[in-house]
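Lettered A, B and C in written order, each chain numbered from 1.
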Amino acid sequence: MATPEALNLPTTVAREPIINWRTDLGYWLGRNPVTAVGMAVVVLLVLMAMFAPLLAPYDPFATDPRVSLQPPSWSHPFGTGPFGEDILSRVMYGARYDLAIAFGAVGIALVLGCLIGAVAGFWGGVFDDVLMRVVELLQAFPQFVLAMAIAGALGPSFLNLIIAIAVTNIPIYAHLMRVRILSIKGAQFAVAAASSGNSRPRILYRHLLPNSLAPIFVQSTLQPGWAILSAAGLSFIGLGIRLPAPEWGLMVAAGSSRIISGQWWISLFPGLFIVLAVMAFNLIGDGLQDLLDPQRKST
Amino acid sequence: MSSSAAGKGIAGMDAASTRDSSVLLDVRRLRTEFATRAEPVRVLDGLDFTLTNHHITGLVGESGSGKSVTAFSLLRLLRPPGNVVSGEVWFRGRDLMSLSEKQMTAIRGREIGMIFQQPRASLNPVFRVGDVLNHVLRLHRGMKGDAVRREAFRVFQEVGLPDPARILRSYPHELSGGMCQRVMIAQVLAGQPKLLIADEPTTALDVTIQMQIVHLLRSIRDRLGLTQLLITHDLGLVGEMCDDVLVMYAGEIVERAPVVDLFDQPSHPYTRGLLASRANRKDRDRLYSIPGTVPSLVAPPTGCRFHPRCPYARQICSDVAPAPEHVSANHWVRCHFWKDVVRDPTSAGRDTVAARG
Amino acid sequence: MPPVVEVRDLRKLYRIGHAFSRDYVHAVDGVSFAIASGETLALVGESGSGKSTVARTVLRLEAPTAGETILDGTSVTRASEHALRRMRARMQMVFQDPYDALNPRMRIGEQVAEPLWLSGKSSRRDALHQAREFLRGLHLPADADRRYPHQLSGGQLQRVGIARALVTEPSLVILDEPTSALDVSVQAQIINLLVDLQAQRSLAYLFISHDLHVVGYLADRVAVMYLGQIIELGPTAAIFERPGHPYTRALISAAPVDHPRERRQRIMLSGEPTSPINPKPGCRLATRCPFALPRCVERDIDLTEVLPGHTVRCRRFAEEHQDGVWNPAPTGWKPGFDPAA
């Protein structure tokens, strides 16, 4: 720790940059147009979800046998489904489901994962052994298989889908947090906090946690993309939400059998939105990682 | 050396440079900038100095004054955003700044060696230290077979490494910091360079080990006549081993003098302040402390860069940058009022300024 | 006058390797000292000799393996967790690297106020107010309490660190290399500040440093550590002018000169320090000491008072000195090279 070797390194050791979001974000986005695009897409998707009732030309659940299975046209830009439902309106409402799943699952995983990782890293010993064994157990299965098992066991519903995806995401945050806490709990400011009379829990939540969250938030911008993909996948195989809910993955599944018979639009448009959302989240995550770790790019 | 290189750089100021053979390195108007979001930051602003052959020259200054950037600029090792914008560095008849990268690579290691503050970090952890040394001997000295082994052994003995046979077979992590620094010095010596640049070579080491390395470098100068540029922030170290001293402040050399002259008659207010602020057991008076803080190089003060902190400053100091003036043959200083400084009987103007903590 | 702090036979061992390993780093191995109010005891020694570990265990920032700290007559070591947190206000620490010692994401004012209100000395609101006043008294920018650490310079941050340590009016302050990360011109400011504050409040300082010039300037007494043990403790003048232990002699002699004219020949230790893992009995310097003899490694050596208030842990010195004077010749003997073996 405080060896003389730690001295005098202003030009060789990179401290984690302190980012002032208000002043630095605009500048940095200007130099990373790709990330800016990702952010713009996410913002647009969120707006679309919020204002779906205003934007959608039709009721997403309304059926109209007269216009069933119509290809894209001016009145139905994304075409219609087998019951005459408007695909565009369903895609717009679908953003509500998929974004809710993405943010909900990531939020729950973030909170639980960080808690587990922080406690394990900070108290160590038995806590560390038990908690991290449990986490490793979760990791022993491929992520999607685990999500399938949980969703299957809980039964198909919106809430269970969120829980299934959240649980499979916990290990990532738990590990990240644990490593981060381990690396800063010996820092001088943590020792100084103890010598100021902070109790152990207060050292953790008031001093260590705020200094651990930046890399975790970056990670959590990468995860929603993955969560949307899993949600779509689970719904596709029938373990997620049920029809007629306009969830993107479910819509892809519903239309998949009709691709051969030429009605490609039923699956294509919701599928495109899945790709768009996943890519947008990943672009943001990648960009933020570069911001926090400028060296990453050069290596 | 090409004296046709125009300009009235500092070269003419150092008496030594009139006898060409005694100057090993002649730096003229060296400018180094770092690109930033806004204006580039000019870290070195027209540096002028010479290194005398067979002397150890100390480069002292506070953190951020540009010492390491100077060393990296001389060797053209600066990486972006850093960049040498202009200037010449004359070394044995050639301007290093105008050489090709290939020629420069040949000079590094062969003619100019460099050692750093973090000895272990600058040794490659995956090679045995002996392998690296053998490589240097084959590459730079064209040695072969048994001669390599004998020479490696000899160099290790020369830097005072105990049990050279064992250490040649060790990896850096098996050696202490002091030993790693000796290995670094041995690797440099193996190339038989004409100049050694040492950037804070002892800062990371223990007091007693520090003194061993200082003595080693000093004895290398005495025995082999190796010219050295010693970068440090420690005036004690300068007093201990240097022949000449360059004092750096905010990207400029403000004073240059033979070491005894510098301690006897510091002529720049900053040098005086540094010398006076040192703690001493025998004099427990309140310590002098230079008021204010080191300026940012982004917007350095106008005129004399030291003027906001200087007890001798007057109007002209903030308007006009002082040119170097001779105090004696080998001693020059950049200060409008150096004569006042020299005449001032109080040390560092201890009474001139209210030196409140 | 009773001492402010008394440390008795402090030990700290770190197990290395697996959980049942019998290898221990003897980081601190039986350290005892006392400091009176208004007094500065300097702790010097080789890197890794255990100085920072002494600091942490004296303050019980880490539990000592054995030994005890008595602060103002009460035991720090035996206090309950709750009582300990209240005692923290009376014993504080200043750290080496001012950038590292402050929480980068907490306002300066809050960090300085913490020890005040956490010890129950004042309400949180009063504490913030007192912190602001205190910072002002140290010539920091008027809005320093509202800033974050990266908005101040190194010297300013070290003042903040000092403010945090002193705002609770402690009786003991441990300073772990408080100036070594600072620039030459800033060091003097901080040292002056420390001297002033000590004079105003009769603080007891435990001052850990590598810089012998600063130690000579500040300390009343000096304790020299080598591989976990204090090997010499005495008044500053005695340590600098008549060092007894061979390691102290080498250390003092390694201090850089004040002036190039004073360059001199030095006593140099050969070799490197031995490992602090399971040290062998006998003198721990024996492998490097120029004056070592077989009897130096026969058994562990105690600190012996050689002159009033001046103790040395060297068997030959204790046996051979006359009124603190001992001028041995190098022996050339090293343990392990015994021809009989």
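In the analysis below, a contact is a pair of C-beta atoms (placed from the backbone, for glycine too) under 8 Å apart; a residue touches a chain by one contact, two chains touch by 3 or more.
Everything quoted here is computed from the prediction, not taken from an experiment.
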{"item": "Path length in steps (a step moves to a chain that is touched) from chain A to chain C", "value": "1"}
{"item": "Most heavily contacting chain pair (counted by C-beta pairs in contact)", "value": "B-C"}
{"item": "Chain centre separation (chain A, chain C; CA means) in Å", "value": "49"}
{"item": "Cα-centroid distance, chain A relative to chain B, in whole angstrom", "value": "52"}
{"item": "Separation of chain B from chain C, taking each centre as the mean of its C-alpha atoms, in whole Å", "value": "32"}
{"item": "Per-residue overlap in chain A, given as positions that touch at least 2 other chains", "value": "3-4, 7-8"}
{"item": "For chain C, residues contacting two or more additional chains", "value": "47, 210"}
{"item": "Residues of chain B engaged with two or more neighbouring chains", "value": "63, 206, 233"}
{"item": "Chain A-facing residues of chain C, complex", "value": "47-48, 52, 56, 59, 61, 81, 85-86, 88-89, 91-93, 95-97, 99-106, 111, 114-115, 118-119, 148, 150, 161, 164, 176-177, 180-181, 210"}
{"item": "In the complex, chain B residues that touch chain C", "value": "62-63, 162, 176, 178-179, 206-212, 215, 233-240, 242, 259-260, 263, 273-274, 277-282, 284, 286-290, 293-294, 355-357"}
{"item": "Chain B-touching residues of chain C, taken from the complex the two chains share", "value": "46-47, 139, 153-155, 183-193, 195-196, 210-214, 216-218, 236, 240, 250-251, 253-263, 266, 268-272"}
{"item": "Touching residues (chain side chain A, partner chain C) in the complex", "value": "1-4, 6-8, 15, 18, 187-189, 191-199, 206-207, 210-211"}
